[in-house]
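My questions will all concern the structure given below.
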Amino acid sequence: MKLGELAKRLGAELRGDAELEVTGVKGIEEAGPTEITFVANPKYAGLARTTKAAAVLVEPEFPEIKAATLRIKNPYHAFSRTLGFFYQPPAYAPGIHATAVIDPTAIIGEGAHIGAYVVIGPRVRLGDHATLLPHVVLYPGVQAGSHFFAHAHAVVRENCILGDHVTLENGAIIGADGFGYVPVGDSVQKVPQVGIVEIEDDVEIGANTTIDRAKTGVTSIGARTKIDNLVQIAHNVVIGEYSIIVAQVGISGSAQLGKGVIIGGQAGLVGHIRIGDHAMVAAGSGVTKDIAPGQVVAGTPHRPHREWLKMEACLSNLPEMRETLAALQRRLEAIEKKTEKKEPL
Amino acid sequence: MKLGELAKRLGAELRGDAELEVTGVKGIEEAGPTEITFVANPKYAGLARTTKAAAVLVEPEFPEIKAATLRIKNPYHAFSRTLGFFYQPPAYAPGIHATAVIDPTAIIGEGAHIGAYVVIGPRVRLGDHATLLPHVVLYPGVQAGSHFFAHAHAVVRENCILGDHVTLENGAIIGADGFGYVPVGDSVQKVPQVGIVEIEDDVEIGANTTIDRAKTGVTSIGARTKIDNLVQIAHNVVIGEYSIIVAQVGISGSAQLGKGVIIGGQAGLVGHIRIGDHAMVAAGSGVTKDIAPGQVVAGTPHRPHREWLKMEACLSNLPEMRETLAALQRRLEAIEKKTEKKEPL
Amino acid sequence: MKLGELAKRLGAELRGDAELEVTGVKGIEEAGPTEITFVANPKYAGLARTTKAAAVLVEPEFPEIKAATLRIKNPYHAFSRTLGFFYQPPAYAPGIHATAVIDPTAIIGEGAHIGAYVVIGPRVRLGDHATLLPHVVLYPGVQAGSHFFAHAHAVVRENCILGDHVTLENGAIIGADGFGYVPVGDSVQKVPQVGIVEIEDDVEIGANTTIDRAKTGVTSIGARTKIDNLVQIAHNVVIGEYSIIVAQVGISGSAQLGKGVIIGGQAGLVGHIRIGDHAMVAAGSGVTKDIAPGQVVAGTPHRPHREWLKMEACLSNLPEMRETLAALQRRLEAIEKKTEKKEPL
């Protein structure tokens, strides 16, 4: 694609040779002389001067550099769109593979691609343009909206409900039994997990992530929320809209997250707490109590991020503090002796 | 079901209208006027006064409330049983799906449901009433007792032995190779993992959980133990009876856990340690040494829970302590100057 | 096998009865009178005196014990080889199962075992002696070298490239989409993940581990690196040769690890950092910055291991320090009063 054409398609201002042919898209350190790259983070602005890329997507006020520039408000978004111009994911033509086992009571919308060895149970209802890759299993009564995309080995358990444009990466398990037992004598008995999982529109669920069905009622994932790999979401959790849950996070039963919440990787949340809208939890934190809207927390147990920073700084000083404390004690004793001696006089 | 009949089936004392028709079961905040709910935790007793539920399962001494009450010793157990009265999980009729690939040397008990695309290897032996849902794979030589229930995509590797009433949630992997290598020069060589996993009766294993086969001998899970999702159990680990392992816990090689142990979510245990009977490990802890029976520990590295609480309280005071320390130092210096001046006199 | 023959095959010096028949291999506490065991760690030397084993693999200078000894430089390596003499993993004869769905454009080398319900997409290229167990899915364009071994339910996504002797344990997902979104107004839009995963020779990947494809370019795993179960490796991560990544570790996007790096279980690494060759990260650590080659770190946020040990020791003293500080304050006040009284005189 010519640089001029790309600028036009993106709505960007081009400074450079409109006739230059670009053939692909790469990161700023990897891009070669026929590739396009981007700078969104000022931290990497220096690299724009030395990049071998043909052209760099930058913000409108970015200084002139040797490479051509395409100037646009959200360069990372433009980069993302450019990726879409150059690369196409594998296409899956409509059609149902001969080996798919589909219950006669299931209803499948138009334009579906159903891959090899897919199993679709009784009363399943899928909207138009579903793509189910090999070995996907939909248990009885599953409902999904349009453009449902399930990668190989994803599973949706009985009666769970998915909105439009839901994507499951490989091995994601939606609606397995919640972990509920009641102590009876020297053992425990399973509490039937009779609820479902409900996932709203435009949600993506990462590889091998598990979202448990509710004990009663619904485990709920809000629209446009994105969940990374190997995340555990327990029964009756509620997550609001456009939240971000990074890999290996664990959210315990009945926790309620607002909208626009960001949970960093490997963080853990205890059950029955409320996390306010737009709260942020740092990676690796252990959240033990409610978090107010907009708050940023870190640590285990979690603290406001600023408080945590102060505490962390002190921790490094702890050995020194201990020495200072011992020295003060000695000096104080010395003075005490002196003043005692004088006292009786 | 009429409230009177429900009370009779549960063995509960009814205070309220025996003719009231109930249609379902919900949590105390979600239950509607034809549904039944419960209060087991005194923390939620207040909600019983405002619930819209038709009736509430409570302990015998619970105060009178507006809603009908069913009084019984273990209300949560009664709730769990009531769930079973109202809801039925999908039923899987006996029969072997035409697409199941079953080695002729495998022996399968009576009443089995074998789903689509199940693969059963040579010399597998299954007791009566097995339910294997689509895509389950049993490697050669697997043995399982009666009422084995394996959800779609569960895998049991070669020669592993499962007791009666074992349930595997989706994607659980039983008996993958342990992580064992021996350093040889600049690289490592794999140590053959020739042992097995043995799982006793009434054990449930969560979705996408992995339990590795032993290097030699047995990785062992005791009867009635319950394991949540995404848990990692390494080779040669031994877990006693009726223990509870919450999601995303990691247990390193050859660790030995007693019976009735509870390990909170995301906790990690180093290898070759012993955890005594009925010990409890708080969520997110890092356990580095043996734990005596009945002990409760928290933190990384773990400490007795009380000690951890004290330490935690101090941590919040740490910035203040540092300031106090600096102030004391200044004040002490002031005194030292004074007393020095006087000294020479 | 006779003890004399075993000694000969291993190249070990035998002290004991060469005619003694050994039938198997076990750990030092489990081995019986016809089994062989080993001592590699001096910590367990005492057990060699009480073991019931027929013979013990030990280092050349090991003291005499009652059991026969086989003396050799690396007893654990010898033990590992002995395991290989006595046990054989299930053998998978060459052949393609009738139910495998293989695209006509795929090229498969000689001697392949392709199990039931395997799905191989267009343009896949496999070297000789591949073993694909049931339900393995290879997306379009996957390439693998010789001796590729994929356990049941492993998945390799489109265009990923694997070297020779790569092993995937069950449920491993290679090349799922990286977690990349760009904020646009009140929501986020997916950034196409157009790169691949490249895995070099002799790499093993644990059960249910996920390695994401690159945004652009390559997520790369170096030769002879071993990765345990339930590990998350994000897009564009680079891991050098013969590194060891223990279970449940999470490595964030674009982190670069050198060769010979060891990451303990459940540790988490933030994105865009560099970990030098032969660095070691203790289990459970939270790594937030670069680590120099050879450094050993621990804690969250990580510190040099020695510093961390000092800090940890102080933490236990923290309640005592607080009391000491309060006592000093009281004593100082007492002295201040005295010296004040005298001053005006």
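For reference, chains read A, B and C in written order, and residue numbers begin at 1 within each chain.
Keep this in mind: a residue touches a chain if its C-beta (ideal position, glycine included) is under 8 Å from a C-beta of that chain, and two chains touch if they have at least 3 such contacts.
All figures in this text were calculated on a predicted structure; none of them were measured in a lab.
Enquirer: Please tell me whether the contact surfaces of chain B and chain C are same or different in residue numbering, using the over-half criterion.
Expert: Mostly different residues form this interface, as fewer than half of the numbers used are common to both chains.
Enquirer: What angle, rounded to the nearest 5°, describes the rotation that places the Cα atoms of chain A on chain C?
Expert: Between chain A and chain C the superposing rotation measures out at 120 degrees.
Enquirer: Give, as an integer number of Å, the spacing between the C-alpha centres of chain C and chain B.
Expert: Each chain's C-alpha centroid was found; their separation is 25 Å.
Enquirer: Can you list the residues of chain B that touch 2 or more other chains?
Expert: 99, 117, 135, 153, 171, 208, 230, 248, 266, 300, 315, 318, 321, 325, 328, 332, 335, 339, in rising order.
Enquirer: What residues on chain B touch chain C, complex-wise?
Expert: 99, 101, 117, 119, 121, 135, 137, 139-141, 153, 155, 157-158, 171, 173, 176-177, 179-182, 184, 186-192, 194, 208, 210, 212, 215-217, 230, 232, 234, 236, 248, 250, 252, 266, 268, 270, 286, 300-301, 303, 307, 310-311, 314-315, 317-318, 321, 324-325, 328, 331-332, 335, 338-339
Enquirer: Which of the residues in chain B come into contact with chain A in the complex?
Expert: Result: residues 25-27, 30, 74, 76-77, 79-80, 83-84, 86-87, 89-90, 97, 99, 115-117, 133-135, 151-153, 169-171, 202, 204, 206-208, 224, 226, 228-230, 242, 244, 246-248, 265-266, 283-284, 300, 312, 315-316, 318-319, 321-322, 325, 328-329, 332, 335-336, 339, 343 of chain B touch chain A.
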